[in-house]
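Two complexes follow with chain A in common, the first pairing it with chain B and the second with chain C.
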Partner chain A sequence: MEEAYDRGVIEDFGRWREFSAGMWAWVFHKFTGWVLVGYLFVHIPVLSTALVGAETYTATIQGLESLPIVRVLEVGLLAVAVFHIMNGTRLLFIDLGIGLERQKVSFYASLLITAIIAVASVPTFISGVF
Partner chain B sequence: MWFLQRVTAVFLIGVLAFHFFQLHFVEHAADIEFAGTQARMQQPFYFATMVLFLVAATFHGVNGVYNALINQGLDGRARTVVKWVLVLASLGLIVQGIRVAMAMAGVHIG
Partner chain C sequence: MSADDETTTDDDTGVPGPHADRLARKEASNEGRGSAASDADRETVRFRIYRYNPDDEDRASPRYDDFHIPFERGMTVLDGLIYARDEFDPSLTFRHSCRQAICGSDALFINGRQRLACKTQVTDLSRPIQVEPLPHLDVKKDLVVEMEHFYEQMHAVEPYFNPDDEPVTATTERRQSPANHEHIKMSTRCIWCASCHSSCNIAAGDDDYLGPAAINMAYRFAMDEREGDRREDERYEIIKSEQGVWRCQTQFSCTEVCPKEIPLTEHIQELKRESVKRNLKFW
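Up next is the complex of A and B:
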């Protein structure tokens, strides 16, 4: 992406009133992307306890999973991942020239599917910790 | 780079969904023990998929960060420095991830 399209700086927070659906899709995709890559750089160090030994690995994962805050954050992570997947699929189709005229509807559908999957996953994530 | 970002995207859509489903809904994350992880990672196809997952996710994520920073106006010398910091961070993460994957599978070299 040598010559980026000038969308301005999203950190100019006052601009949010001007945002259209496509701009929100871009902002959410960027935000969820930062969260996912940040998580990846935490995930590998946590799993690195496997290098210390089997007991350390098991104790670390089960210890983290015993914390209610971790379970809540996992629901958040799932929501972030599902949105990034849904909106990413939308972007791939748009890149192929499919559905450009329906890009607003497909963004709203991405949000709706994300919300449904996140809410439906809550019982699985919180079971046994509260 | 533009094309690679799309190719890794297609791969990651499937594998990330599988990864989340497998380790939170099929297996419950709270019940994970090293023995179970080892049994999964000793299957060659699963091992290869996870290593490819690591490489694709690292490339896609770090290239996404780099593109986002360029979009924010990163330029000139700072851009070159940031690029190489990101390349080194990516290589470090991939090397560490492969070491972890090998330890999980019980493979030792040397």
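Up next is the complex of A and C:
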């Protein structure tokens, strides 16, 4: 039969519910990677205000840090970075052929460590703004 | 010869044949089949089956059909499909052959996962049981998918031996050490079912990628000590090429679904390391 039906990407997206641990690890790693790349593009302009002068830099940083939304985003950024580091380490071991049969456990461990660190950081990041 | 005779004797000798038992059982199970009276009080299982037929206007856009299949102990999903086809809708199309997880023709997407229908017990699944053709492959009809591309990838790794030398005499054996056999044992179990290929997001988005099954096939030969050196070099060229192992992003989905429990990701990772080693030069 020449005709064949391509079910297309829409159906593909619908299958996320069936993803297993390794697939989620991959999705999160991609996502956090792109967030970090995006963050760098914001990070560099902010740091660049130091080129104008010390006062401008201080004013920029203080201005940003006085916004509650920035504080909340910082917690998110930390979580994203920690997960990317933890899962990146997991992937390094996987590349070395170590612990492939425990890849689910190591993914869950990455998530757990990320959660603990993110939660623990909340008091520091939030203090004085709300 | 009447049907009755058939259940007790094999031919005209009147002696019970070797198949008498089996035929009797078949007869007994056929009796219940299809008769509304006995089906009415039997437990049924709802199958939601993907339907598509480009030649039929009615079914030219895909939909799901419900079938209520009488439950039997030990029933597999394939048994259910066969029942649905034989008793309710002869146009229901799917591939199957061996019914014992060895031919690899009935890999389907059952309750959200690639499985062999003949190896999947109905009792292990939540109901209704949803049966779809393998994701990421084009559908030809109902549960039948286009496998050509998958087979092409399998052949692309040139899955055959080519030792360096000719055997000394016609009867010379090429021995493999038990340790080497142990090393490649799992990789030889592939039944070309394409479950792994269908589960891989990279293979889905990139037709050039060899995919887990083909790479596993390359592994089976590359790791075999009987493979000739020249052939091995050629094979590694394919393995480490752009469409080879480096496309794998360790999603582990292939390893997860393989009905033969082949550690596919592990094999791919091993080939990655071997490929790197082959490119390292110290001079």
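Methods note: the second predicted complex is superposed on the first by the 118 of 130 C-alpha atoms of A that agree within 3 Å, B and C clash if a C-alpha of one lies under 4 Å from a C-alpha of the other, contacts with A are read in each partner's own complex, and residues count from 1 in each chain.
What we mean here is this: a residue touches a chain if its C-beta (ideal position, glycine included) is under 8 Å from a C-beta of that chain, and two chains touch if they have at least 3 such contacts.
Predicted, not measured: the structure shown is a model, and the values here were computed from it.
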First (chain B), second (chain C), both or neither touched by A:Gln103
second
On the A-aligned overlay, A:Ala81 touches which partner chain: chain B = first, chain C = second, or both, or neither?
first
Looking at the overlay, what does A:Asp95 touch: chain B (first), chain C (second), both, or neither?
both
Is A:Arg15 contacted by the first partner chain B, the second partner chain C, both or neither?
second
Looking at A:Met23, would you say it contacts chain B, chain C, both, or neither? Reply first, second, both or neither.
second
On chain A, which partner's contacts cover more residues, chain B's or chain C's?
B
Going through chain A, the residues touched by chain B and also by chain C turn out to be 1, 4, 7, 11, 95
Touching chain C in the complex, chain A uses residues 1, 3-7, 11-12, 15, 17-23, 25-26, 91, 94-97, 100-101, 103
Which of the residues in chain A end up touching chain B in this complex?
1, 4, 7, 9, 11, 30, 33-34, 36-37, 40-41, 44-45, 47-48, 50-51, 54-55, 57-58, 61-62, 65-66, 74, 78, 81, 85, 88-89, 92, 95, 121, 124-125, 127-129
Contacting residues of chain B [partner chain A, same complex]
1-2, 6, 9-10, 13, 16-17, 20, 24-25, 28-30, 32-35, 37-38, 54, 57-58, 61-62, 64-65, 67-68, 70-73, 89, 93, 96-97, 99-100, 103-104
The residues of chain C that touch chain A in their complex are 52, 54, 62, 112-113, 135-136, 138-141, 145-146, 201, 204, 249-253, 255-256, 263, 265-266, 269-270, 272-273
